[in-house]
Each structure stands twice: as C-alpha cells, then as structure tokens.
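I'd like to ask some things about the structure below.
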Amino acid sequence: MTENYDPAIQIAQKLESPSVASFVYHRQLTIEWGQCDPAGIVFNSRFFEFFDTSTWMLFDASLGVKPHQLAETFGVIGIPLVDARANFLKPVNFGDIIDIASRVAEFRRSSFDIEHLVTVGGELAVEGGETRVWAARDKANPDKIHAVTIPPDIIAHFSHG
Amino acid sequence: MTENYDPAIQIAQKLESPSVASFVYHRQLTIEWGQCDPAGIVFNSRFFEFFDTSTWMLFDASLGVKPHQLAETFGVIGIPLVDARANFLKPVNFGDIIDIASRVAEFRRSSFDIEHLVTVGGELAVEGGETRVWAARDKANPDKIHAVTIPPDIIAHFSHG
Amino acid sequence: MTENYDPAIQIAQKLESPSVASFVYHRQLTIEWGQCDPAGIVFNSRFFEFFDTSTWMLFDASLGVKPHQLAETFGVIGIPLVDARANFLKPVNFGDIIDIASRVAEFRRSSFDIEHLVTVGGELAVEGGETRVWAARDKANPDKIHAVTIPPDIIAHFSHG
Amino acid sequence: MTENYDPAIQIAQKLESPSVASFVYHRQLTIEWGQCDPAGIVFNSRFFEFFDTSTWMLFDASLGVKPHQLAETFGVIGIPLVDARANFLKPVNFGDIIDIASRVAEFRRSSFDIEHLVTVGGELAVEGGETRVWAARDKANPDKIHAVTIPPDIIAHFSHG
C-alpha cells in the first residue's frame, strides 16, 4: 500500500479484464462467531484457511477429483503452497455472507497462481492470492520433493467453455 | 515465484542489507501438533497468527505498552492490517523450534510495513510481511475509521541505539 | 471412559430414546485439509468450533433470529458457554462428509444443555455437549453479567410439531 | 451445571485434595488477539488447543521424550484423545496471563485422565479434562489400532518425588 493507493481502480481492473479466461469456482460462507476477533471482524488468518479450502474445491470442480484423492490420482504429493497473500479492503463482520470466487490466474511449467476474490453484497472485501507448485517425490531419492511439469490435460480442465 | 526464482539470493539481500536500521524483536516457539496439517507441517494460516502476535509483541517491546492497552494509550482504534503475505521456502515440522524476527521495515505517513523472518536452525523457512495503518475514529463521524499520521515520537521508539 | 465402556450401548440409547422431543438442526460439512492434524484426522478443537456454530444455527432455525442479532433482539448479552465436552468414538478423516445433529437436550430456569451428534455415513463418530446460560447485564450494575430466566415462549420454539 | 451448582466448593476440593500425588506441569501464556472472540474473551476451542499442547509438554517433562519422538520411542502410535471437557468458570481476556497446571489425575490399564487447571491471577478460570489411551497398531492387522497396557515404568515417571 502506498499513500496514493486507489483500491477502486485495482478492483475494476481485476473484475473487468482477467488475464486468462479460466473457470471460476464460487462458494458462499456465513461468517461464524469463532472466526471473528475482538473487533468483531474476521481474524486475518481465517481468510487463508478459506483460500486453501477454495483451492481444493476449485480443483475438485475442475478435475472431478476429490481433494483427498488428488495425490494418488495424479502421482503427485500434492500442490504445496509457496506463497500466500491477501489485501484487506473492507472489514468482514460476524454474520456477513461472503462469496469467494477462485480461479487459476496463471499456469506456468510447474507452478501456478490462484486468485481468490471475497465479496460481501457485491463489494470486494478481500483480494487473495496463492502460488503453488505441482510436486512429486524424486524417483531416485524419495526423501526429496521437487516441482514437476504440470500435464497439459490438467491445465485444459481449467479453461472456460 | 517465477521459474528462475532464486530464494538464496533474495534471502542474502534480506539479511545483509535491511533498508532501515530498526529494532528487531525475536521470539521462539516450538511447533505444536495442532498447528500441523496431514503433511506433518505447519498449516499456512498459523504463520499469519504468529505474525499478528509478533507484531503486537514488537510494539509492546518498542513502546512499553501492552497490546490490550495500545488503543487507549495512543487514542487510536488499533493498527488494522491491510495487507499480509508469506513466502514459504522450507517446510516447518511438528516439534521444530522456530525463531521469529520481526521489525518495522518502513514507516510512511500513516501506514507501515512489518517484516517477519521465520528461521529453523538458522535457516530461513518463511518470510512474511504485513502492511498496517495507524487508525482512529473520525471526530465528526465516529462510525468512520481512517488512517491518521503516525506521531514521530512513536516512530523514534523503533530505531536502533 | 472405563475399561468396560461399551459405546454401542450408549449410542443406541442416545439415538432411540431422546429424553426431550425437541427440534433437531442438521448440517453437513466436508472435512477440510486445514482442520486435520498430522494423523490425518480432525484435530479435537475443531469439533468445538463446529458445535459453537451449530448452536448459533440451531437458535437461528428455531427462533428465526440471525446469530448476530440474537443479543439485541432478546435483550441479553448472548448465550455464554459454561461447559463443553466431547466423546470421540471414531476418527473423522480429511474429505469425510459429516452430519451434525444438534438439539436442546434440556432447558432449565436460566441454563440449557445442547447435544451435538456427529455422524459419518450414519455411524456416530463424536458425541458433543454444551451447557450455556441465558445471560444479561445487571440493571443496577452493568459491569456485572448474570444468568436470567429463559422466557417460556423462547423455549416453546424448540419443541417439536 | 444445575441451578444449585456452587463452583467455589468444587474448586476448593480440586485444589486442596488431589486424588493422586502426581507431577504437575505448569506453563504460562499471554492471551493473544487472534485467540479471542467478539466478546473480547478466549474462544472456547482455543482452550482445547492449550490442553492438547500441555499434555504433550507434560509427557515431555515427565518422560524426557520430545512430543514428535514419543510414538517411535515407545512403539505406540500416540496417545489418542477419546474424551475432552472444559468447565468455564470465569472469562479469560485478551492480554491476560494464564497459568495452565496439568497432571495425570488417574492411570488405568490402557487409558488415563489428564486434568488441566487454568488460573488467572491465582483464580481458577477454566477446569479442563482429557481422557486418552495408550494406543498401538495390531501386530496381526496393522490397519487396526487398539489400546494397549501402559508400561509401569512409564506410569512411575509421573509420580512425585
């Protein structure tokens, strides 16, 4: 955040011109008492729980594979998180109904970015992002884990229409 | 993260050339069973809990004011978080003893950045950051909260030596 | 638990002969990665989060009042928890779909017991209980909170048919 | 809780006449912002996190074995929780310094009870309890887990003096 930061411009850019036409997974949650802090708003770490689960559900919706079967289905150890970030634009309160819209913003060779937009009543409240890798055990040395090439047919499942 | 991302270079830069000579607050934690996920490593949202608490403790250590007395002591409503981020470089396991080193990386007029470096056995495992604002209620309209100028004597407490 | 404890008998008693014919609120959840511990099962404290939210939702479903409006609607400060307990009969795993059935097991003058039964595929996995009070501020001394008589028309909303 | 429940009598009994003279493990925590709910007090599920960790630390202090080495050191899969309970006598606030006193209240053949007393400024605030089992994999059928006899020399480590 700089002193001249204008969230409205950023939001308009996010919503109007997604850089990749990708499948968007939506889910709705009602904010619970135990997710809020003494200010009566969602404690920041809870959003990172929401994002993690939304990513698993986005993969489930795109690939048709349940989260707990992802690893064995694709011969990976999972999709470890290497970077997480959130920009808190408006407080989210106890009892608010939020919508989380999640999509893969970019696939690279062995890593990808997920974007999570949390809205309340149509207004953007939190903008989150995750970078994850497609990771497998080294065949020669099973104690080592490394990023591997994401199969093109997996990427294809995240495209629109 | 890009495909050519080299964490070693970034870490060296972080540790060797801090942009501001500021007070660093350290604390040690032993990773608990309930903080770990089925992969046996700390679940990502827990680090954001650690960062939040370390920021409160950094302010306590620098200003000599307990977290729950910060708001009334300085006539603010607190130091709301507007941005949080973490870069996960190495997994942190159940039973690991971590050191969290926290400092204000930059003060601006009404906002500031906190840097949190999590190390295990001297190696950087997670690099976190928060951007917060110094916030007060609007005198004319107490329902509104806005960022206000951080008093220079508060900033002075975070300088070295 | 004693060495001769037989959960099957207890469960049969619970399911077949509820002591009070009260409204039962059901909800389904899919267990998330971040809710599980290194053994791959739900970490115990998460069930107490589930119970808390189910109680709020049971009150919402019975009274038609949203959780965040409960206090002001009824002139109370809320329904503080004075006792919580859980009996873990079977592990609940990542990806499991659970049903939580919640009901008021007993209303007393100013306190009440809620029972929460967590089942997976029809089998009882966790049996939880909460004791809460109907609490208001003292009119003479607003810093004091005490249990007050639960209005009969509120209790009536929790009866069957 | 009944209407005539008198916590003062119960507390006096707990503190004055422990039924077993066992090693008591103490630790102190300062309540964090993110552990509190909109009422400004510790959210109930957090106490069950505290209890779980205190149990691991009690075992560490008594046996000299780190939590993450307990399973392999003793040939068990761990000490699974079969029952947890807490009685909330006084609210615990943001910034409060709590003391958690934990001890094994009773060892049985293959299960045991742990008692956790949370005090603030010397006053009992929460009284918690856990029942756990000493559990191992079945030698004939490694998918099955069952409670096994607790070795007497392990129990001996929890005695006083």
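So that you can tell them apart, the chains are marked A, B, C and D in the order they are listed, and the count of residues begins at 1 in each.
Here is the rule we use: contacts are C-beta pairs under 8 Å (C-beta built on N, C-alpha and C of every residue); 3 or more make two chains touch, one makes a residue touch a chain.
This is a predicted model, so every value here is computed, not measured.
**Student:** How would the chain A/chain B interface be labelled, same or different, where same requires over half of its residue numbers to be shared?
**Tutor:** Looking at both copies, the contact residues mostly coincide.
**Student:** Consider the two chain pairs B-C and A-C; indicate the one with the greater count of contacting C-beta pairs.
**Tutor:** A-C
**Student:** What whole-number Å value describes the gap between the mean CA coordinates of chain A and chain B?
**Tutor:** Those two chain centres are 23 Å apart.
**Student:** Let me have the rounded angstrom distance from the C-alpha centre of chain A over to the C-alpha centre of chain C, please.
**Tutor:** 31
**Student:** Between chain B and chain C, what's the gap in Å when you average each chain's C-alpha atoms?
**Tutor:** The computed centroid separation for chain B versus chain C comes out at 36 Å.
**Student:** When you check chain B against every other chain, which residues touch at least two of them?
**Tutor:** In chain B, the residues touching two or more other chains are 33-34, 39, 43-45, 49, 52, 94.
**Student:** What residues on chain D touch chain C, complex-wise?
**Tutor:** Per the stated touch rule, the residues are 1-3, 39, 43-46, 48-49, 52, 77-78, 80-89, 91, 108-111, 131, 133.
**Student:** For the complex, which residues does chain D have touching chain B?
**Tutor:** The contact residues of chain D facing chain B are 32-34, 49, 52-53, 56, 66-69, 93-95.
**Student:** Of all residues in chain B, which touch chain C in the complex?
**Tutor:** 33-34, 36-40, 43-45, 94
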